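Below are two complexes that have subunit A in common, paired first with subunit B and then with subunit C.
Right, the complex of A and B next:
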């Protein structure tokens, strides 16, 4: 993706009669450049949409997280239909499904019951839930009337709707990366600044410590730390524990970058000028040095999020991370761990698609941001 | 150069001591010990172990000793090459790791070679023919490969294997060769099974390397010396191979160090899904059952291999790119 040079950006704005480009702050310039990166913009919209889903998951999911319909265990996905015997319908509907036992193997399978049609309706009353824990309601964005079922992505072994569970799981899976990144951001920034700012033996000690931490291979270290979380912990404690574990490795890289930047930037003329003008060292750090590499840090943070999401998914998948009743995409995938599940209930793998979309979107945004943040980018 | 290597080797000793301490602490972090989980497991099957028996067992395995004493015993044993006993398997740790290391190494090394054999030419091609149709295809595939975690790919392969070919994709041998001694037939059987884990483990690495290779080579191709050499009439492919590719290989070499620990951790998650007899699942089980000497020794080995691997790649880098200097307080 070829990016226009900054001069070109400025030039265009001059041509259109806007002179803001000369007075624009660094963030504005970044935004202008980022806007031109179509793939990154599209990825940004995907991410925003995913987070909206995560925030309003109770309302958007057709069922609640643990709404069991045991009669429909391992039901395959129902297809949205537009065409019936009576012709083309403007509004989608689903056929009812009926569980039947195979006469020889006694394995249960489902057939479409063409007699029964259920229109997919908006704002239907379904299972009651507490929205954000604030008030009780039973309105869901979409669903079918009582008696019908709407399993767009099939159900699991307890007859719980997979789509609803994925929607609920997004809340955990999408936030765990952000919280983890925030934690490693705080650790990395503080430790990096201290290291670069004080120098001397403190710097030496911190750098040696980081080297030692980095010589642990990441996945085994994650595994060891995650295995160390006591199983008696409450789900919330486990969640926090896992984020801390995930951020444990991220911060070392960041601390090194911050230190390196501070070491080189504090020799720059503008830092000396500020010092001569009587600014305190604290002010130089926070007002002059930090902003000059903030964009760089934000880029590396964006690129760190997908790694953490994948890390959580892998750990939960192995049974070391989150455990039911907490539901994340990794926890959902754990059910698809064996060949039988994969062969007979392939729809259990659908959380994979959501993981891939999320990770791809974060990678594209990171790429776009990197180009936008780099003043010398081509 | 020699001084540098010696210095780095000496520096590894205190590092390893600290690492051993941290490993041991992490392994000891969970409340309870192996016996607690063992007794709990027995309880599930209906057997009970009374307090006196448990205490006797604890004393026998030195689990009643304070942390520092246990650590010291372990450290002393390690210097003599004795990594302790695995509680769960009731066998020496060295033996357990030893019997799995061969297959793990084969998988890791074959994967690495395949990754390089694919990524380097494709990366060079993508950079030289930037924005061509194949370049776009490779970039797209690369992104997908990067975003797909290995274990998901393993699941997908298992699904395809099961639904299309009707065979189980797991394991490394057909049942008839499972416990057979090494023979030519067994070797062929291994080759027949090896490609699935190699593809599964290698995909994200290949995708990543193609991107890195392409990016670096593009940066390098824009430099003026390339144009100068072209102007002087150096043939394009000769020039390309002699200078820019050599520089662009740099990050590949700096990650070669990660191959060594990779041999032991052996793409743990993929191995668990595919049921491969490698060291990865061994480590996972040991961690979950608090089989502390086994888990601790494996984490130690991994860290040692990381250190050695990093040293090797630093030396290789020096050899590949003479401009690189490692000086005191520099990096």
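Right, the complex of A and C next:
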């Protein structure tokens, strides 16, 4: 069995090759692979854009949250125009709108006033607001001069600009998902680790408990929990309460994944090797097992965010989640909760589009991350 | 039972002084549970009364089909899994310690003397750690070497297993199967162990790489005076590296003999069948093929009498009822068969 020893040759091959990849950690490899997933990258940019909007909502929205112009209640979306009688304009403008009553039904409707043109301008002065509650200002990213209106997505029954309200609502709707997922993450990780680590009757108890929790229909459970929130709470307390309610079911899936991963990983040879090397259980858990399923957990968290957002939307839509004056996409949709709205003011349903975009983008990112984290797809 | 223990002690007495490891009646039973309350409905007897000695500086090959319990023997000896019963006496500083019952602090210090090389070079290295962290872990958790010293030592170990010491900061994915196995070997060597349980260390590798790794293992054995328990299913590999060979069938050792004796004159029908299944490189040589019918016995439901009787071409009525004992038929050659001495079994030439 005397074979020529070939390791010198092998080593040279390795040395002359692309060495950067060999010293790359799993996270770097994952990132390199994720970058190649175009859909996920695009979705990532959409998500970043949405969160930027949420962070700077006061500045980005043309009106403030409760800026009422009752004269323009239920105004349909105004279209950005580039072409007028005078020819093509480089900069977009809107026509003024005028409310008139139908002579027979007396229903109010709006007509374009072609006489009035309002250029959409950047950094205009409008309704004053406190930016992040820090300082007072009245500069908005875009808007029209006084006298004109800019309702790109129409208005609600009090004449409040829907686009502005959606932009403000994104702050609540997008963060409730993150906060809720963070809470589920903490619950799920701790309970899953305890379950998988100790095993035995503790594991049995936790798993049966999870089964019972999961066998509840989620909407009635949420409703019951949301109804238990005291009505005297401030909007902020309600917000926190709702996230806890949402994460109450969300953690179960994660806890099971964590438990399953621990059970399978602790049988892996590298865990046995660490044990035989004399490593403590704590070290094996934190240095070997946890890092091994972290990428998996992050993927499932990404996929859990849209569930949270949808949960908030559904609860608020049913009137059990957030309530005005707190504004989220679900709260906005509740206002479109009748046949009349759907028939005559269909633009009130536009928050749905934002919900869909967000949920899809999160799902695409999750898919991309899952592919990137999968060591077998290389 | 009593008889066998006496007998085993008999043969060991001769070389008692240099037995590094004495395994006595080692058992590992896994419970089969069923239903909501995990009621135990049976036992899988993965290892069912294994006894052998391992002498300082030798390589004992442990062979058997998959499911015969050979890997479990290796892991139970190191207490990677706790044995159900039995004793594993490890000689440390002229004093014997029972690994199977050692308290945790003693076990930790014992583990510096006994290490393991794994079958799967992919699963046995944590993909999220660099080579430095992987090989350095035993040094770190045992507080053997400080940071800089550890790095020097890891470089040294890499060189010893034939890898470039510059590979320190690389992750396992940068290496081939053979290279990974070398990293695993370097990790096992880090604490200067005396005993290494090699759990099919080459069966996952290409044939050409197998030879390299086997040569490396032999070299290291000579250099550091290592003692190997070499678990394998490939008989030609075992023949190459072992001094003695133990054949396992359904949790029991059925034959234990010096390597040449086992290959030339096997005394157990199962060994004969295993040997006849080894491919012969010489096409002109005609030989009898012993084809075994049926499957390996289920260790959760072992046959009565000799566990091998349903598949044994020589089985008699007695084999169905009486469990044969392990008997010594020649010095250092023990076999667990009622018919040993009666049968004329064919071994391998060359």
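We take it that the second predicted complex is superposed on the first by the 359 of 378 C-alpha atoms of A that agree within 3 Å, B and C clash if a C-alpha of one lies under 4 Å from a C-alpha of the other, contacts with A are read in each partner's own complex, and residues count from 1 in each chain.
Throughout what follows, contacts are C-beta pairs under 8 Å (C-beta built on N, C-alpha and C of every residue); 3 or more make two chains touch, one makes a residue touch a chain.
Not measured: the values here are computed from a predicted model.
Once chain A of one complex is fitted onto chain A of the other, the partner contacts of A:283 are limited to subunit C, with no touch recorded for subunit B.
Applying the stated contact rule after C-alpha superposition, one finds that A:26 touches subunit C and leaves subunit B untouched.
With both structures placed on the common chain, the touch criterion links A:100 to neither subunit B nor subunit C. Once the two complexes are overlaid on the shared chain, A:342 sits against subunit B while remaining clear of subunit C. Legend: residue contacts after superposition of the two complexes on their common chain; A:223 is shown touching subunit B, with no touch to subunit C. Contacts of A:269 after superposition: subunit C is touched, whereas subunit B is not reached. By the document's definition of touching, of the two partners only subunit B reaches A:310; subunit C does not.
Shared-chain residue A:215: touches subunit B; no touch with subunit C. Against subunit A, the residues of subunit B that register as touching in their complex are 15, 18-19, 22-23, 26-27, 29-31, 143-144, 146-149, 151-152, 155-156, 158-159, 162-163, 168, 170, 258, 261-262, 265, 268-269, 272-273, 283-284, 287-288, 295, 298-299, 302-303, 306-307, 310.
The residues of subunit C lying in touch with subunit A in their complex are 38, 75, 78, 80, 108, 111-112, 114-116, 118-120, 123-130, 137-138, 141-142, 162-164, 166-167, 169-171, 173-176, 178-179, 184, 187, 190-191, 208, 211-212, 214-215, 240. Within the complex, the subunit A residues that touch subunit B are 211-212, 215-217, 219-221, 223-225, 227-230, 232, 306, 310, 313-314, 317-320, 333, 336-337, 339, 342-343, 346, 349, 352, 355-356, 359-360, 363-364. Within the complex, the subunit A residues that touch subunit C are 1-3, 5-7, 10-11, 14-15, 21-26, 29, 204, 268-270, 272-280, 283, 287-288, 291-292, 375.
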